[in-house]
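Heads up, the next two complexes both have chain A, just with different partners, chain B and then chain C.
Here is the complex of A and B:
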């Protein structure tokens, strides 16, 4: 890596003792010698193992659950159903007033995706828990399911989640988060060319080395210590407190070093049920996702469908940009309403465009709920935006890098969400990339600055 | 049938912290009797090295070596609230909280030293190596060690500080979308060279040149590990990864690292990383969040390079050999 100190040198003092120096990480010796302790390194006597019985159907009504055979399995200590969960209906973002609660800790009446948690089996060994889970008999009435976002939005589509009442999240702004800036129709009418293209992505797994999990130990004084690899200790504590209807001071979360998160460990899916199990049995409980659960059950990055319509002039100026983005939340909200509206804030990208129109939707389908992942709401938007930029440049016969210089935002430019641009540095990154990659651009672009527009 | 070369570019920006703010973090700092400093947090280290960066921020602010600082974190009984480690917020939000706590602790430390030296606290400075001295008169000094001892056993002072950082929450205007999503943005531009086999549809990423603007590289080696790792993840997103390969169909999802495709060591491109620094006005020592943005520009740059190589646009991720071959077949059929 090379630090290019010549850019913005007047905005920085390089006279610090500890900052700006590549000191060796204090945790690295333990990482590379295998001494770092992770939550699952702890062992407890009388540890119980929790295994989740999951829905084999994408959408189904639960007619009945028969636990009799599973309960007789050797080593089984207790089996939990929805009736055991004090506040079974929840949604994690209720902590920042993003509701409504739309998901059950353990399925109640219905399942809405293949893999939804229905029954939790607690046994003396992992093997006994797995074997007993296979003996739980659930009688399902299979219902029609919908997997395609645009199909889900059509009238008459199967309703994924009754708590929303329609297959999209309703913002205070309506069916989508909106940005309206200038007049896109006028911009398209004036443009030399108009290009409308649609981009798609599929769900992506965070793929941490360490799977999601926790171990809960009852402390004897009616407190519970939960050793967890969550990315957010109090977020987990507060959600567990709501679900378990237990005051927060009864809960003690202990983390440390997580074996990778990438956004995959911000849902609160293992801790509440494991704490409940420890409370009901009086024994320590371990609930750790298998690799298959991590891959197919834990929330992935959402699939997205994004349509971008641009009006562009022959001289390279983009004069209008209209974006409609759909985020596939799967069956439940989790963090998706947040992610979808983060996309709305991100468009039209790091470019100054006088006319912008954005609608971002959070859509429900009968698949694994999606949630946070590195670049939440932005990564797929950037894929769509930057491929679109390449197509626009080629459409008007301009060099793709020069085309970006023409449209790049500068300090003081008004963004579509009505904040003035501050601290821009896109121009300088592109100048340095031009040099590093041997991709020459015209001299006037190399003289540009993010700090001011040319006279 | 041949290997075709192509080149693509992409440029991006990325907001620091939770969208629309409203995501607080706190820190507490105190000294031990012998002048070591403890930072107490409830923030999680995901393996990116949060502890090390917080130690450097605390040390710089108090004016002591980083090795004198210990980070005690991720325990809700001892650590004050933190929103969490996500949204590129750790360095910026938690770093600001640590810096504020450290400033308060430093002030007490200087007051104690001033009392011991019988001077004014405003006339004192630290040398960053463990000594506190009168500005312009380095011989008139006291060690941090002796200052902490005196604070504990002579003056009865707690050398400690509280830190809190919150970007107030913004609520989008419903009709126009007027809002304040973030206070600072990181930037990047990536140029990718690929080789596409037009017989198999396989893409070999030959080289990746990344330029990142990060505000301030607080620990350049750690910035590099984050940026290079992110760049590899971007390539992985572009060409390999999905839990539903035939989305929206639910079948054929990978269940383990054999079935879920990611690049192996042999698939990693030659990666060049260049860093620019335009300090953020509200960042700790100017730092912005870079944990997420570093994985973004490679994806469109790879897509654009594939088009440059073989003239087909694959507008759906991931860009698999199957999709490329189908597009090439359609291209030939149309010709």
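Here is the complex of A and C:
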């Protein structure tokens, strides 16, 4: 690796101890010898296997559930329904005030997406659990479903989630997260060109090689150890504590080793029900998603629809930007209200634009609940923004890299969120990128600095 | 259900267990023989995390019935490091950042070992072909390919 020392030379100290040479990862020796203990590498005598019965419908009322045949299946030990869950209604980010609770651990009255957990079957073997799960009979009244965000926002659309009362998340700022800076209408009126484009993205599955799951062992005295591959240990602990109505000191979460996650393991979908099962049966319980469940059930990156309208001058300056972003939460909030909010903060991009107007919406549909995935809320935003930047450059006949130099933020610039820019390094990154990519830009851009504007 | 006796040599040690008929070799190794180095990423033959070597051939242990391995020699990544000395493949994976989360690693190393036993000096294409049944979601494969090539080089240097 080569360290370029010509940038910020007067600010940098050369006392770097770790950067610039290789370090061995502390966990690799056990990875290569097969000794790393993933949660599923622990076995316990008398282990029970949990299999979830899931909704085959996108939206339906549950008329009745008949467990009689499943209960008689050899090897079945217990079957759990919503009535068994002490606090069945929850939402994962409630302790950081992203409410209201809007999701059931096991479906109650209704299902809102295809794959929603309805009934949990516990059996002596995985095979018996699977066979018995197939014998659970749920009588559904199918309801109209909505899969498109803009359709869901129209009057008369089916209401996805009664806990919200409308098909979007209500922020303290209203129906959307807002950024208001300067006067976009004035900016558009002054602009030489105005370009409005809409960008769409689909849900993306994280697909870790190890599927989501946990194994719970009862420890006596109503204490439980939960071996989990969660990426969110404390959300898991506090949500399990709320759902089970048990103090946290009775729940010992053991984790930190995940066979990939990429955001797909930040929801709390397996631990509370598995701990409850262990508590009600007194036996260790394993709940591990099948590969099919990992692909279909675990929450993907949200679908997004983003409309960006920019006003640009012939000399390259963007003078106004208006963005409306929609994030498809699916049927439940999970992490999506937060993701949509991150988008609002992100849409001005690393550019200094004097007039900015942003609205981002978190919308409910009858799709699989979405949640975190690598940079959720900003990754798709960046895709849309940077495609838009290329289109704007083309529109005014300017080199796309030079166009970005003209608009790059510099230290001291006021950002649309009214935070002055500090520690900017975009110019220098682009200078280096220009050299590395063999994409030359005019000399004046190579002389620019993030520290100051040219006289 | 009637139990089936299975006797096999696991990483050089003779072992025997009574198992349920229909049990996969993967579950038998993990739950009955206590070797959790093969991983179950899909249990349907698509990820390669469960790869082991049976009588010299690379096998997906999730698609292999344990009862068909009676009398077989089964090798897994747990048996590679003899007396605590790492195998050249393990050394190369370690030095080359070829393992991130580590879940695919035991299967990758088995696929690589089976390749090097067949083709001691593989080309890059040979390596890509040999690990084409093993999914890695972390590394982007390049460090794994490089590690296998470098293990092959160090093997042939040692042999020379």
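Couple of notes before you dig in:
Rule of thumb we're sticking to: the second predicted complex is superposed on the first by the 447 of 455 C-alpha atoms of A that agree within 3 Å, B and C clash if a C-alpha of one lies under 4 Å from a C-alpha of the other, contacts with A are read in each partner's own complex, and residues count from 1 in each chain.
The rule we apply is simple: contacts are C-beta pairs under 8 Å (C-beta built on N, C-alpha and C of every residue); 3 or more make two chains touch, one makes a residue touch a chain.
Given the structure is predicted, the values throughout are model-derived calculations rather than measurements.
When the two complexes are overlaid on their common chain A, residue A:207 makes contact with chain B and with chain C alike. Contact with both chain B and chain C is seen for A:291 once the two complexes are overlaid on the shared chain. By the document's definition of touching, neither partner reaches A:64: not chain B, not chain C.
In the superposed model, A:259 makes contact with both chain B and chain C.
Of the two partner chains placed by the overlay, neither chain B nor chain C lies in contact with A:245. Of the two partner chains placed by the overlay, only chain B lies in contact with A:172; chain C stays clear of it.
By the document's definition of touching, of the two partners only chain B reaches A:417; chain C does not. Counted by residues of chain A touched, the larger count belongs to B, out of chain B and chain C. Judged by the touch definition given at the top, the superposed model places A:25 against both chain B and chain C.
Residues 22, 24-25, 27, 31, 207, 258-262, 291 of chain A are contacted both by chain B in one complex and by chain C in the other.
The residues of chain B lying in touch with chain A in their complex are 7-15, 19-20, 22, 42-47, 49, 51-52, 55-57, 59-60, 63, 65-66, 73-77, 79, 81-87, 128, 172, 174-182, 184-185, 187-191, 209, 211-213, 215-224, 227-228, 230, 233, 237, 241-245, 247-250, 253-257, 260, 262, 272-281, 285-286, 291-293, 295-297, 299-301, 303-304, 307, 313, 315-318.
Put simply, chain C touches chain A in their complex at residues 30-31, 35-44, 46-47, 49, 76-78, 80-81, 86, 89-90, 93-94, 97, 99-106, 109, 135-138.
Those residues of chain A that touch chain B in the complex are listed here as 1-5, 7-8, 11-12, 16-27, 31, 58, 96, 114, 147-149, 171-174, 177-181, 197-205, 207, 230-235, 237, 251-263, 266, 291-292, 295-296, 300, 303, 328, 338, 341-342, 344-346, 349-350, 358, 365, 367-368, 372, 374-380, 382-387, 389-391, 400-401, 404, 408-409, 416-419, 422-426, 428-430, 432-433, 436-437, 439, 450.
Per the touch definition, chain A reaches chain C in the complex via residues 22, 24-25, 27-38, 40-41, 43, 206-211, 258-262, 290-291.
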